[in-house]
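Each chain gets a letter, A, B and C, in the order it is written, and its residues are counted from 1.
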Amino acid sequence: MAVSLGELAVRFGCELRGDPETLVEHVATLVGADARSLAFLANPRYKPQLATTQAAAVVLDEASAKDCPAASLVCQNPYLTYARIAGVLHPKRQAPPGVHPSALVAATARIDPTAHVGALCVVGERVVVGPRAVIGPQSHLDDDVTLAEDVYLVARVTVCRGVAIGARTVVQPGVVIGGDGFGFAPERGTWIKVPQVGSVRIGADVEIGANTTIDRGAVDDTVIEEGVKLDNLIQIAHNVQVGAHSVIAACTGVSGSTSIGKRCMIGGGVGFGGHLTIVDDVVITGTTMVSHSIMERGVYSSGIPLEKANTWRRMVARFKRLDRLEGRLKKLEGAAGAPHDQEEDDD
Amino acid sequence: MAVSLGELAVRFGCELRGDPETLVEHVATLVGADARSLAFLANPRYKPQLATTQAAAVVLDEASAKDCPAASLVCQNPYLTYARIAGVLHPKRQAPPGVHPSALVAATARIDPTAHVGALCVVGERVVVGPRAVIGPQSHLDDDVTLAEDVYLVARVTVCRGVAIGARTVVQPGVVIGGDGFGFAPERGTWIKVPQVGSVRIGADVEIGANTTIDRGAVDDTVIEEGVKLDNLIQIAHNVQVGAHSVIAACTGVSGSTSIGKRCMIGGGVGFGGHLTIVDDVVITGTTMVSHSIMERGVYSSGIPLEKANTWRRMVARFKRLDRLEGRLKKLEGAAGAPHDQEEDDD
Amino acid sequence: MAVSLGELAVRFGCELRGDPETLVEHVATLVGADARSLAFLANPRYKPQLATTQAAAVVLDEASAKDCPAASLVCQNPYLTYARIAGVLHPKRQAPPGVHPSALVAATARIDPTAHVGALCVVGERVVVGPRAVIGPQSHLDDDVTLAEDVYLVARVTVCRGVAIGARTVVQPGVVIGGDGFGFAPERGTWIKVPQVGSVRIGADVEIGANTTIDRGAVDDTVIEEGVKLDNLIQIAHNVQVGAHSVIAACTGVSGSTSIGKRCMIGGGVGFGGHLTIVDDVVITGTTMVSHSIMERGVYSSGIPLEKANTWRRMVARFKRLDRLEGRLKKLEGAAGAPHDQEEDDD
């Protein structure tokens, strides 16, 4: 789709420096751009690429605009403006309204006539699919699932019985929503399954990455609030609550009944214990072990940056004999007549 | 399903304090309960909710019973008793016997007439499906798979050729059992695939969580013994053995040829090296790195609880210069004429 | 398939010590072998099993051959030779050329007549499938996907629009290639999706393990070069590049725009930050946090081996009060009149 810079400047409130009649057709990186491309500069690390870009136009901020060899769309938040323009140049694919003849839809399901049900989908009893929702091929909506308007299941998504998904939520392939929570009661060395009778409620404007799993609640529901963004291969256990507009990166696991606040940002590979509370506006860096509740906003970590393996092995060895280091220090203190800190002996 | 408290007390060996004619229809949390609900109190953290519950009855132990404002079903292990009662109030869904007309079943497959094969399943040659087994929609059983009685594949499960699954085992959606193990032989900077000719054997009463993967053995089989419970997004590599009644939480990976004993409890996000032996009754806390064998039962860890990021960065910096701390200590010891521990210099 | 030792020795350049007419039919471990089995000895840990093996023949190196009670196929690299012989004794299953009648193939797709499209596959517009490629059951190739010759999608693989896969690449079940990258621009406490308009290009001779996810690029493509081997449950984010013949073990996550060099070996459960560069020939041990670029080949680590939980808790407590240990040391140094290292105070 070709759009003029003038139109883009008006629609997205940018200051245009260049010919408003110039057309752009697609987005590109600064390096990969050609004369039909719109590029952007948001991350300063890519600033050196600006000088030689072949882009027709670049979305950037005031500070960088003076160094731009192409037409400029100047704005305060170039990444956000780029995101919006990219949505115009590369619109979401349209799926034709209607049910693919190969899909199997229960007689009691109510599919809005503007919704799309793809090839080889299986749709259970009493399922409700809202206006313009798109259910990609090979997806499965079990009985009593509800999808609000404009939900987009990309392909091969499994939604177990009774799950409700809010408007405009996007679910990538391979996701499983509403599998049984992991609940077992011990009985003389074996484990008896605890029926998982809750469900999952997912708010509006959520995104769920490929092969992520969200378990149904044990009694009450697991809840993902509006605007939450979950990356790929994330585990959300039963009765977890993720607050509105929180973002979680890939490979993170959240154990049962933990509640994460609103607007949190969680890195990749983070592990949350169960029954914890994380307040709003907490940032947790990648590969952190969250072993206790966080009651104060801020940034939290527990990952250790890598070293060359030889160096690392020595560091770990020293770490593991810290007790002896303390002992030697105490001996010296004793010899010097210095009182040592009583607290150190507590363990 | 409505059941009287009297019937529940008799069936599950509880002491009933309240009207045996009272009916309960569903389970609920103490907070969410209404006059038709049965709630339970097992975790002391929820004790404060007991006083105001609206439940018709609560399953709890003797110690808590005196504080219960509702009818009480008193027993020694309230969680276990609750699990059993929940199974009565919320019975597993029944799937009608027979093969869905959209399923593709090879002529040589033997499906017990009481079993259910769901919509759009693909069932290969010589597959055997036992009595009352349920194969949820969009599942795939490749050639020579065997499912014992009452196996329940919830939906979209992939079982590769030759895999055997024991009675009553439950498999959540997205699971892959019997994908090729990760075996490659190096050859001048490239990797040659080693055919994975073993299979996977899964015992009775196993549970496998959503999107978990269990690879087939390289030569012999990968083995999951009876009663094992695997959470979501777990990786079980080729030739791993997991002993009976062990439990593994989500996001854990077990490398090839490692053997985990019976009745072990493994936390989430744990990483096991390959070719290790873990004896019976070992507990490993979440996010631990299991880099060597464990020959003694007990509890093991290597995860470090998080800190505020500023504090954490300082801690890591100190950790990384421990060598200099040791050096300074040694210098002081020298000055004081104290002999220092020879062992400290080994690295 | 029965093959004579003489034929194997000739084909694979081994020195045969034994009767060339002896037939072997399948591979086995040293312990599990019978008179029709070919076993191998590559890992010295299994040497003790050689003496009592019942195998018809063993593939091993010169050093071990003298202790072999069975016929020997002597070679320099027994594991590699074994891999090749196993490929002869256990050939890949053949899939009949043609499109299964239940598959849904768009009219504009071009499927080579020697290729196989399995049951209940969905193949989109303009897809190109090369000679002898096999698309296992329940797979989905979205519009404009290209598969080169001999690609093998085992079963239930999802390949999103425009993805290209090189010759002989093998993809295990549950894999998602080309899901949207995780890109959102912040806007006043919410997140606006950044269209992911790049694609994924996968080279020849790649292997991708079960339920692994590879996201499409934000603008340019995500690239997996030839010969790369990815294990199960790996996350490859948008715009990542993995260099030729690198190997990554299970449960590892690579964040966006990170570039991994050629011939790297990455352990399981490793977490890579975003926008990093890892040069060729780097080895990273399991559960390492890769928080910065690696510009020098070598072996890198940051995982800490486990301890008994009581011991571990004390170690962590000491680690967390290292500042006080330093303080006490400094006091002693002051008392002794020793100058302390200024650098220690930087934090």
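Throughout what follows, contacts are C-beta pairs under 8 Å (C-beta built on N, C-alpha and C of every residue); 3 or more make two chains touch, one makes a residue touch a chain.
On a predicted model such as this, the values are computed, not experimentally measured, just so you know.
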Requested in this report: With over half of the numbers shared counting as same, classify the chain A/chain B interface as same or different.
Outcome: different
Report task. Compute the rotation angle for the C-alpha superposition of chain A onto chain C, expressed as a multiple of 5 degrees. Result -> 120
Report summary line: dist(centroid_CA(chain A), centroid_CA(chain B)) in Å evaluates to 24
Report task. Name the residues of chain A that each touch 2 or more other chains. Result -> 120, 138, 156, 174, 211, 233, 251, 269, 304-305, 307, 313, 319, 322, 325, 329, 332, 336
Report summary line: In the complex, chain B touches chain C at residues 104, 120, 122, 138, 140, 142, 156, 158, 160-161, 174, 176, 179-180, 182-187, 189-195, 197, 211, 213, 215, 219-220, 233, 235, 237, 251, 253, 255, 269, 271, 273, 275, 283-285, 288-292, 294, 298-302, 304-305, 307, 313-315, 317-319, 321-322, 324-325, 328-329, 331-332, 335-336
Report task. Please give the residue numbers of chain A that touch chain C in the complex, ascending. Result -> 26-29, 32, 45, 77, 79-80, 82-84, 86-87, 90, 92-93, 102, 118-120, 137-138, 154-156, 170, 172-174, 205, 207, 209-211, 227, 229, 231-233, 245, 247, 249-251, 263, 268-269, 286-287, 303-310, 312-313, 316, 319-320, 322-323, 325-326, 329, 332-333, 336, 338, 340-341, 344, 346-347
